[in-house]
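Common to both upcoming complexes is chain A, partnered first by chain B, then by chain C.
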Partner chain A sequence: MKGKHDKFKSPTRRQVIGGIGMGTATALLGMPLVARAQSEPIRIGFPTPLTGPFGAEARDQVKSAELAVKQFNDAGGLGGRKAELLVRDDKLNAGEAATRTLELIEKDKVHAVVGALSSAVQLAVNQVTRARSTLYISISQSDTINEVKDWSRYTFHEALNPHMTTAAVAKHTFKKGMKIAYLAADYAYGHEMLRGFKRAQAAIGAASVGEILHPLGAPDYSTFLPRISAMKPDILCICNFGRDQANSIKQAVEFGMKQQMKIVVPVLLHNQRLAVGPEVFEGVVGGANYYWGLEETIPSAKAFNNAFRAANNGAIPTDYGAYGYTGVKSLLQAITAAGGTETDKVVAALEGLKYDVAKGPQSYRKCDHQSIQSVLVLESKKKADMKSDVDLFRVVATEQSGEAMLRTCAELGFPA
Partner chain B sequence: MTIQPIDSTSSAKRPRLAIDGLMRTASAWRMPLTVLVLCTLPWVLPSKALAVNVLIYGTFAVGYNLLFGYTGLLSFGHAAFFGGGAYLTGMSIVHFGFAWYTALSTGILGALLLSLVMGVLSIRTRGIYFSMVTLALAQLAYYTALQASSWTGGENGLRGFTVSKIDVLSLQIDFLNPLHKYYVVLLFTALALWLVSRVLKSSFGAVIEAIRENEVRARACGYNVERTKLLSFVLSGGICGLAGGLSALHLAIVPLDTLHYHTSGLVVMMTLLGGMGSFFGPFVGALAFLVMEDVLSLWTSHWQLFVGAIFILFVLFLPKGIWGTIMGLGDR
Partner chain C sequence: MDLQLIAMQLLSGAVLGAVLVMTALGFTIIFGMLGVVNFAHGALFMVGAYAGVAVAMQTGSFWWALLVAPIAVGAIGLLIERLLIRPLYSRPPDDPILLTFGLGYVLVEGVRIVFGNDGIPFSTPSALVGVVNLGIGYFPIYRLFVIGVVAFILLLLWLGLEKTRFGLIVRAGARDPQIMRVLGVDMRRLWFLVFGLGIGLTALGGVLAAPMRNVSPEMGTIVLAEAFVVTVIGGLGSIAGAVVAGILVGLVVSMTSLFAPEMATISMFALMALVLLIRPQGLFGRAGV
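And then the complex of A and B:
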């Protein structure tokens, strides 16, 4: 244990004394680990909510992450050194995720952590990895994780963030002078998406005619929808996630609102669209990090889809699932570039990494470690236009997210 | 200890005596024995982080049991004290820069105050109404934490108070080291266990059990039932606040879920699993529950099915819980 510690940062006198104080027994236990360091496998911890409401997305993520590890090992690993994925169920609970991450770091001695699928859970994992100087690639949407308060030198945000997602979606749906109404879930995700949309709306010159917050997990939207109808907006922005998205859009369609206005969502979810059917989602526009249909134009997407199909009986990767692949794959590329798992070297490699593993070119911004990547704007297809059961969306635009679509480093609180 | 079953044919009572003697000795030395057993926990359990969680939830359950098992009041609102202690400990570090010990004391003090207020409002009701009032008040605490996001971090939880080193006298302890952390938490757990065992041995302990057995008779004997219940409620809240504060220091975050009624449900389950109304029962329940969850969820993603089935089996066949059943074996 002591030896392991020393590898990452030079010890102060106190740490040395403390380390000796820990006793010879622990030192002896730690010794074989140091000796094994060169041949031991590269261990990647993967906490994800296998049980709970996002279970379907989590299982997709695991499949994709396992594919990335398998490809790495099949290609010979890092000079013969293989990678290994340690999947843990975080139960969509921040406390559980923190405990599991502690276990992964302290007991399993992982070299990096990838995962977590909710803003609160990834921030919890981030706290644990930050204090222990462990690499963490977070793969779920959050604006907070970019901000200086939660920033960690060892954390990289592979997922999109609400700010860039809403900026891209608004760019292709909002027009100057339009009237926009908002229906948002009353929790972090809804608030962050709402904030992003309103910022974009002001920049474009559209007007907000009202916003309504609904409780998380609301089954019934009949009290909200007539109020929105009365606002007579051109666009209704529905900022919620998972089953809430399907429920609210379904009821809006039943109220005949699609005839009066266009429905826009921040993230158009593959699994929710499958759950409800094409009639309900027809014409709804929203953002995404990945859609399998990219394979027509992007070679890396085609390669990823084909590998995924081969490994999963012809199934296609989903949006949130793809994060598992891009996150793990880019990490392994950085480890290869760094020539080992030494944290500081891998951090430097990730900061300089230009990667294209599934969706076109990506790289990490230096100040906040946000992955600069494309945001897809998708439109749900009519049943008649669908060529197959999984031909769900039309790609309206592929928006390259440069500095222009992110909050500036200064705005996030980083020194210039 | 000295009596040995030399000849099993001579009398059936001989081995019984030996066990009884052993039990009596063990009972007299129960605090040192407990601490000794707990000292070995990090090497026995699958991971040290889990061992710290066992201490924290064990303390939480023992504190809860003071009210549930001994006073006979089924509260569904103890998440408020656990979460309250956790939030106040974390917030006093984040917002006021308190040292860890001041922060922990603030957490406990806050939980005591909160339980005093909740106690005054809830113990005038009884039975299912008491449970519902405590549940409602705890939900108030949950929504307060959700809304006051500039103080509590709201939905994202409270972050930014990692305690990496702690000072004890002139000694600096590396709190990121899992073993050091375990023994620091163990110190507080042992203190809490000793306190509860002391309370239960006192005449106050006898009175709360009298109230559980027959409230009317206790009142007729001249005891102030309301005040006794309130005191037990506040003590229980304080112990749970300590557990919450320790959990904040352990995980370096306070998730909003800590205040959720699921946490209240969890502690009821742990207490029932281990055996309510026995001193160690809840602790054993917490240990069994957490280890079961940890091991099973590694083995299968359908672990909830097995945890549920095991719980049902216990309710049906071992209503006294794990510890209660083991203790019952000696009496038979």
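And then the complex of A and C:
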């Protein structure tokens, strides 16, 4: 993470003068614009990796975000003012995402940005929105986005963060005295999840018997497995994402690891479970922000699922897809509360917002703008126990996160 | 670090090597005989895996998939040679590279349109599920089966190339196509068949990999890189070289996994760089080729 800020040079004298000039010009021209602003649509930029290995999750995000916008417009918008979603493909590339975001802000004049699916790409988007004082609702897992050095007054983190996810998963899987082995992908996501689990492990009183970092996107894990087997752990904790998760679990099962230890992952992915099949994932436990099965107990989940089914030929929303809905929905609720798109007012509205749109009550914490929300702990079902093709997981626990599961504001570096 | 673990690590390395040999074989044959660097290799590997999925879904049997998918994809290979590669034989070598590079994209997108972006489940055949105790530890039966298949294919290839008249022509053709033409051999027909064979082997690699690796449209990307590394280390176009290089790469990756796991992928490329520095033609390559 170090050196990220170096990419943005401090402004030269000429740019500063130019900026002041522009500012004055905008202030002068601003008068007639205010009247027009009432009727122009609310534009929401939505960068997401439509192409590449997270394409399936990205398309689910877009479908859910479009649903949130449609519901807002069908209800009459903001006093007749409609919302509009501008979807852009960030190709899972930080540079591409930064360029698209800049275009959205400068050329398309969006009022806010929602999106990004990978933690590294999300941080790149955050750099741009922060420099341009633009609202950003981030919907991918990250711990650093909460911390002071990456924090922006205009950024709200709607997704779970690794800290709360791993705390919830560890609480329901780790026991005092257990031996834990870790296999983590060697990049930001893997490192952050590993850090979270180790913290939880220390608090619970379990012990680490070894950590192995694997290269991102490795196709074969057979050479890591003998060493893990020799560590004789009670739990193998696999911290990676997307196809890496599918491949590593598939091969760990092939090597008979499941007979010797339990497999635990930070985030149990809906689409990867579909891609690999029930036999391989059976008994694997992991966290999630959303699972459609919540509809049995939570009314807002039922409403979201039904609306999604109606709009998508009976398909159900997935975990990362749901972020598109909760992210856009919370933004539009705040805009409604603020009575317009003026950034400072929307920031204030988001800080005070209490929303329940898909998974029970949520709110943004004032100091770091992290969404306080529940973390689901799921277990992948046996084929025989599945009632339908989409009956993938059993909800082991719904961990009401509250402030207790987040790092304190002081710990993140915010002044008390 | 006990001896048992190191033995186990060596074994997994050797088995990984066998998998790598299988993934590189089609690439190295086509390069060796035709001089075509097939950048669609990874995509065709993936198409092989998907063809295996399709056949297995129709017939419900892995064994039919293992037999039918490589033949079907090999036939597609013949079509590709006839329609796309053949017009480029008299052109500079970069032309087929560009063509196969583009073809790879077309195939990946085609599979995305037909089967979707998500991966598709492909289970290990029930007869080969499970692990077997080798005395030094447990090892998946399926991976041992893969070694068997690779050894069998290599034996067939060796017999075919060394002991038959067709093999003799192929070997001579690889060395000097012009003389062969003067002697009245129809090189076009030969290249046509060799290309089909290479693609068929590539597809077989895909089907064999399907129960181990996730079947998805992007699964071939890394395979192309692996095949390239193995071929370059072994010596361009040498089958014996590919076998030795594959197993060597497997062992190096495995030992790196033990001592510096995050370097596992890089080690393969480091080995390639080292071989290129010391022996630019590769371990089994002829100088000047």
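Operating definition for what follows: the second predicted complex is superposed on the first by the 381 of 416 C-alpha atoms of A that agree within 3 Å, B and C clash if a C-alpha of one lies under 4 Å from a C-alpha of the other, contacts with A are read in each partner's own complex, and residues count from 1 in each chain.
FYI, a contact is a pair of C-beta atoms (placed from the backbone, for glycine too) under 8 Å apart; a residue touches a chain by one contact, two chains touch by 3 or more.
Values in this document were obtained by computation on a predicted structure and should not be read as measured data.
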{"item": "Partners on chain A (chain B, chain C) - clash or fit", "value": "fit"}
{"item": "Contacts of A:Thr336 with chain B and chain C, given as first, second, both or neither", "value": "neither"}
{"item": "Partner chain(s) touched by A:Ser363 [first = chain B, second = chain C, both, neither]", "value": "neither"}
{"item": "Following superposition on chain A: angle at chain A, chain B versus chain C, Cα, nearest 10°", "value": "60"}
{"item": "Touched partner set for A:Arg132, first chain B, second chain C, both or neither", "value": "first"}
{"item": "Chain B versus chain C as contact partner of A:Asn312, first or second or both or neither", "value": "neither"}
{"item": "Which of chain B and chain C A:Gln251 touches, first, second, both or neither", "value": "second"}
{"item": "Contacts of A:Thr398 with chain B and chain C, given as first, second, both or neither", "value": "neither"}
{"item": "Which superposed partner A:Gly95 touches (first chain B, second chain C, both, neither)", "value": "first"}
{"item": "Minimal inter-chain CA distance - chain C and chain B, angstrom", "value": "6"}
{"item": "Common ground on chain A, meaning residues reached by chain C in one complex and by chain B in the other", "value": "none"}
{"item": "Residue ranges of chain A touching chain C (in the complex, touch as defined)", "value": "52-53, 55-56, 59, 186, 212-215, 217-220, 222-227, 229-230, 243, 246-247, 250-251, 254-256, 271-272, 274-277, 279-280"}
{"item": "In the complex, chain C residues that touch chain A", "value": "2, 4-5, 8-9, 12-13, 15-16, 19, 116-121, 123-124, 130-131, 137-140, 142-143, 211-216, 218-219, 222-223, 253-254, 257-258, 261-266"}
{"item": "Interface residues, chain B side, partner chain A - complex", "value": "46-50, 53, 154-157, 159-160, 162, 164, 172-174, 176-179, 247, 251-253, 255-258, 297-298, 301, 303-304"}
{"item": "Residues of chain A defined as touching chain B within the complex", "value": "1, 14-15, 18, 22, 26, 50-51, 88-89, 91, 93-95, 98-99, 102-103, 106-107, 119-120, 123-124, 126-128, 130-132, 144, 149-150, 187-188"}
